[in-house]
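The structures come next, written out as structure tokens.
Below, chain A partners chain B and then partners chain C, in two separate complexes.
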Partner chain A sequence: MGSYLLKRLGQSVLTVFLTISTVFVLIRLAPGDPAAAYAGPLATTEDLARIRAAFGLDRSVVEQYLLFLKGILTGDLGTSYSFRSPALDVVLERLPFTITLALAAILITTVVAVPLGVWMARRADTTRELGANVVTIAGQSMPDFWSGIMLLTVFAVLVPVLPASGFATWGGLVLPAVTVAILQIALISRLVRSEMAKNLTAPYLTVARSRGVSERALVWRYAMTNSSIPVVTALGTRFASMLNGVVVVEVVFAWPGVGSLVVRALETRDYPLIQATVLVTAALAVTVQLLVDLAYPLLDPRVRLGKKVSA
Partner chain B sequence: MSTTHPGPARVRRSEPRPSAVTAKHLARAKVTRQRRGSRLKLWAGLVCTLLVVIPVALARVLPLPGPDQQDLASRRLAPLVDGHLFGTDQLGRDLLSRVLHGGQVSLLVGLLAVVVSGVIGVVLGASAGYFGGWVDTVVSRLLEAQLSLPLLMMLLLVVALFGPSIPVITFVIAIAQWPEVARLTRSLVLVEREKPYVAAARVLGLHRFAILLRHVLPNVVKQASLVVLLLLAQAVLLESALSYLGAGPQRPFATWGRIISDGQDYITTSWWMVTLPGLVIVALVVGVNLLGDGLRDRARRRKVSTP
Partner chain C sequence: MTAALLDVEDLQVELITAGGVIRAVDGVSFSIAEGETVTVIGESGSGKSTTAMAVLGLLPDDLAVLSGSVRFGGTDVVADPRALHEVRGRTVSLIPQDPMTALSPVHTIGRQLGEAVRLRKPELTKRAAEARAVELLDLVHVPRAAEQLGRYPHQLSGGMLQRVLIAIALAGEPRLLVADEPTSALDVTVQAGILALLLELQESTGIGILMITHDLGVARLVSDRIHVMRDGRFVESGEVEAVVDHPTHEYTRKLLAAVPVLGPWDEDVAGGER
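== the complex of A and B ==
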């Protein structure tokens, strides 16, 4: 257990390190000068040189990289060019909004997708299941920016019951969360369906049924417990990828999260801000993955951490 | 006396043997329902896909105004007005023509991306599965790492870096998609390499690469190719998301995501500029997904019936 945890922690740190290093190199390869973007079109060469010196961009890339690594250890990720405040603070200020959105979306997904998947599994290969199947396919076929704009038009413009953008009230959370959830519901409910269909026809379920276990317990206690590992893994992975920024949906709804922050930072070539965002979100996503892995033994007592499951 | 006895000789051959199973039962049987379901999916998918693909392919031939032909006198005309089936946009360009021409780029990028990601995925997945050892370790780590990467962020970064040209965007989408193919191929090859014919080929002294290329891969490719349609659907969606964010191909024509983001500002007054291009994307992607799903169902059933 202890050594497994250490190994996984090491892997997580390595993943974050490689990610952030890749991003560091990539943004410096990119054309476009942050000093020019910062100073505007009227800046003189001397202005640009002064700004570059102030940003530390006149140093060599290796030197910048080492300074950056040192910054990670001391918690100083530089000053954002466009916000003129510490980049880490800017990201941490936005992070709760993305976490709120991701939590709301994953909650909606779980509440809708799991019962839907179970319903589909119990009616496997009937006409009604085919109908539900087509609906989930439609759900995973809609571009999220489009379904977002459509929801926005219907519920904020035509029938103004919900705010269109931003996060002033809790009502503002509904439309973005539903938009994110549509795709996830489609994917997760199909997974639940296939896992449950496998378990509902398993011999152990027939045995349990012959012992007089109620149908509800058969589905929710017997089959669901055995389907939970793949489902929880998928939910965790989805949640982790949402923390990496639900970029498109945040842009559509002007949601003040890290996703829309990244788009802005990329446009203004705000190096410290891009780096801080990637560092924070990658670290969070890796942590969620790790927590999901650690939860396996709780879901299935056969699992011993660090060993392959022989199910 | 003997003539009234219904002997076995009097039962005609053409009559079905008496059975408790009626035609009604057969029609309700699980296998029949499954087959009906997958056939329905295949047909519906084919219709939806062709409904989009044929007009897109014929965009240049159809009697439409050019996609960039502006007519400021007929700005934001509603659909069906003045012969504009999809209406016009804020610059008086024919929306249908824009959607069809943009669709050529979207589809081209999608198809190329599937080919590239398929090749990368099959090569890496097959070598990881067949050779094992450090090759497997490296590929598996890469697969895991990509799961925890901020994918869309990286894609935007690469497009910002190399410019939004068609090859760059194709490559970027392929990079996003190869793990799926690689994971599938790897697991299929892992099963395949334990089969006796591989051992036989090894005994015959064939080179490892020859066994993998000429014997293992042909047995795997058919199953692996089932994901192609699902990948195409994802590629089209990803391309539209990138172009919505302004990182899509700019030339020769604006693609679907870009058309929608252009129309977004006019959503309250001109609903069609966002709704109709979106519906075209949905129709295509639903169609491709249904086709892929139907094919997969059918393949799964075949596998069950002929072990």
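== the complex of A and C ==
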């Protein structure tokens, strides 16, 4: 267990390192000049040179990279060009908004998708399930910018019951969280359905039914517990990916999270801010993933961490 | 003969499959009295397991159509399927075919056995139910019973699991056990132990047993009466000695002839080759 944990921690650090290194190189390969973006269209060549020197962009890429790595170790990720304050602070200020949105979205997803998937599994291959299937496939096919705008139109404009943007009140959380959750509900409910359908016909369930266990206990205590590993894995993975910023939805709803931050950082070629965002969100994502993996033995006693599993 | 625990009259089961409707069980009748073992024997696909599942009401509602009657005492569960809730676990319990897949892999033995105990006696505290669980495991000769409660199914052997499943079946204090090929997934040496246990339990409690098997050796060892099943019907029924020693139906004779006989390896010696 101890060596497994060390190995997984090492893997996580390596994943984050490779991610930020790739991003470091890619943003410098992409067209566009941070100095020009910062100075605006009226800047002279001298202005640009001065700004480049101030940002440290006159040094070689290798030199910049080494300075960046050194900065990570000392907790200094540079100063954001556009915010003119430490990049890490800017990201950490926005992060709680994204975490709140992701938590709300994953909560809605779980509360809706799990019972929906169970309902579909219990009516597997009936006309009613077909109806639910059409709905979930529609949910899966709708782009989030479109469903977001539709929700906005209906609940903020036509029937103005919820705020259209920002996070001034808790009501502002509803529309963005629901928009993010729609796609996730479609995906997760179909996963729950297939896992449950498998477990609802498993021999152990028939035997439990034969000794008088109630249908409710059969579904929730037996089949659901046995379906939990793939479902928890999927929820964890979806949650981790939401932490990287739910970019489109944050932009549609002017949500002050890291998703809209990264869009602004990219527009202004704010290298330190892009790097800080990627570092923080990547670290969070691998942490969530690690926690999900560590939870496996709690969900299924046959899983021993660090050992190959024979199903 | 005492009053029947189970009385099956003209039971028919039609299964709805992709290829059409199949009559898997075609008008079988039998009864089981207290302390009696009745065996339904037949090859794969003969309808013997479908008969057992129909008796327990475990065939899926939308895929199986039942007619006839299945009476436990005075309750006909074909006419009133809701009565199955009263019957299952309390009057009749199932001993499944493959013990390795018959328990939830993510719950402990103690949890599943304890649940079965409390289904019958909801008034028991957790501790009392645990004590009863240990008692039941002792009854089926599971060594170090208390220790096994904390273990998971994958940590036990097939033979031990079948004993645990018998203990779980007994937790509801049923009067009848339906044993659906209870030994076919087990090693031969373990099989004998499980059959001996069932006979011992029958001796001490007077429980009735409906045994489903394809194994004539098993049938001969445990049965009072045998029904030979083929294509959904009983082709021959009777006392075990009568059926085995003086089979009247051609199919029974073939079934008996199919039992391998131990003989010398040398094929030249008469009787060595069959």
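The working rule: the second predicted complex is superposed on the first by the 311 of 311 C-alpha atoms of A that agree within 3 Å, B and C clash if a C-alpha of one lies under 4 Å from a C-alpha of the other, contacts with A are read in each partner's own complex, and residues count from 1 in each chain.
Basically, a residue touches a chain if its C-beta (ideal position, glycine included) is under 8 Å from a C-beta of that chain, and two chains touch if they have at least 3 such contacts.
Values in this document were obtained by computation on a predicted structure and should not be read as measured data.
Chemist: Per the contact definition in the header, classify A:Val207: touching chain B only (first), chain C only (second), both, or neither.
Modeler: In the superposed model, A:Val207 contacts chain C only, not chain B.
Chemist: Regarding the shared-chain residue A:Ile188, is it in contact with chain B (first), chain C (second), both, or neither?
Modeler: Touch partners of A:Ile188: none, neither chain B nor chain C.
Chemist: Check the residue A:Thr237 against both partner chains and state whether it touches chain B (first), chain C (second), both, or neither.
Modeler: first
Chemist: A:Asn226 in the overlay: touching chain B, chain C, both, or neither? Say first, second, both or neither.
Modeler: Touch status of A:Asn226: second partner only.
Chemist: A:Ser141 contacts which: chain B (first), chain C (second), both, neither?
Modeler: The first partner, chain B, only.
Chemist: Tell me the contact category for A:Met150 with respect to chain B and chain C: first, second, both or neither.
Modeler: First partner only, chain B.
Chemist: With both complexes superposed on chain A, which partner does A:Ala30 reach: first (chain B), second (chain C), both or neither?
Modeler: Once the two structures are laid over each other on A, A:Ala30 reaches chain B alone.
Chemist: As a test of reading the superposition: which chain, chain B or chain C, is in touch with more residues of chain A?
Modeler: On the superposition, B touches more of the residues of chain A.
Chemist: Show which residues of chain A both chain B and chain C reach, each in its own complex.
Modeler: On chain A, the chain B and chain C contacts do not overlap at all.
Chemist: Which residues of chain A touch chain B in their complex?
Modeler: 15, 18-19, 22-23, 26-27, 29-32, 125-127, 130, 133-134, 137-138, 140-146, 149-150, 152-153, 157, 237, 240-241, 244-245, 247-248, 251, 262-263, 266, 274, 277-278, 281-282, 285-286, 289
Chemist: Can you name the residues of chain C that touch chain A in the complex?
Modeler: Per the stated touch rule, the residues are 56, 58, 85, 88-90, 93-94, 96-98, 101-107, 112, 115-116, 119, 152, 154, 165, 168-169, 171-172, 178.
Chemist: Quick check: in the complex, which residue numbers of chain A touch chain C?
Modeler: 202-204, 206-213, 217, 222, 225-226, 228, 299-302
Chemist: Please name which positions on chain B make contact with chain A in the complex.
Modeler: 30, 33-34, 37, 40-41, 44, 144-145, 147-154, 156-158, 160-161, 233, 237, 240-241, 244-245, 257, 260-261, 264, 267-268, 271, 274-275, 278, 281-282, 285-286, 289-290, 293
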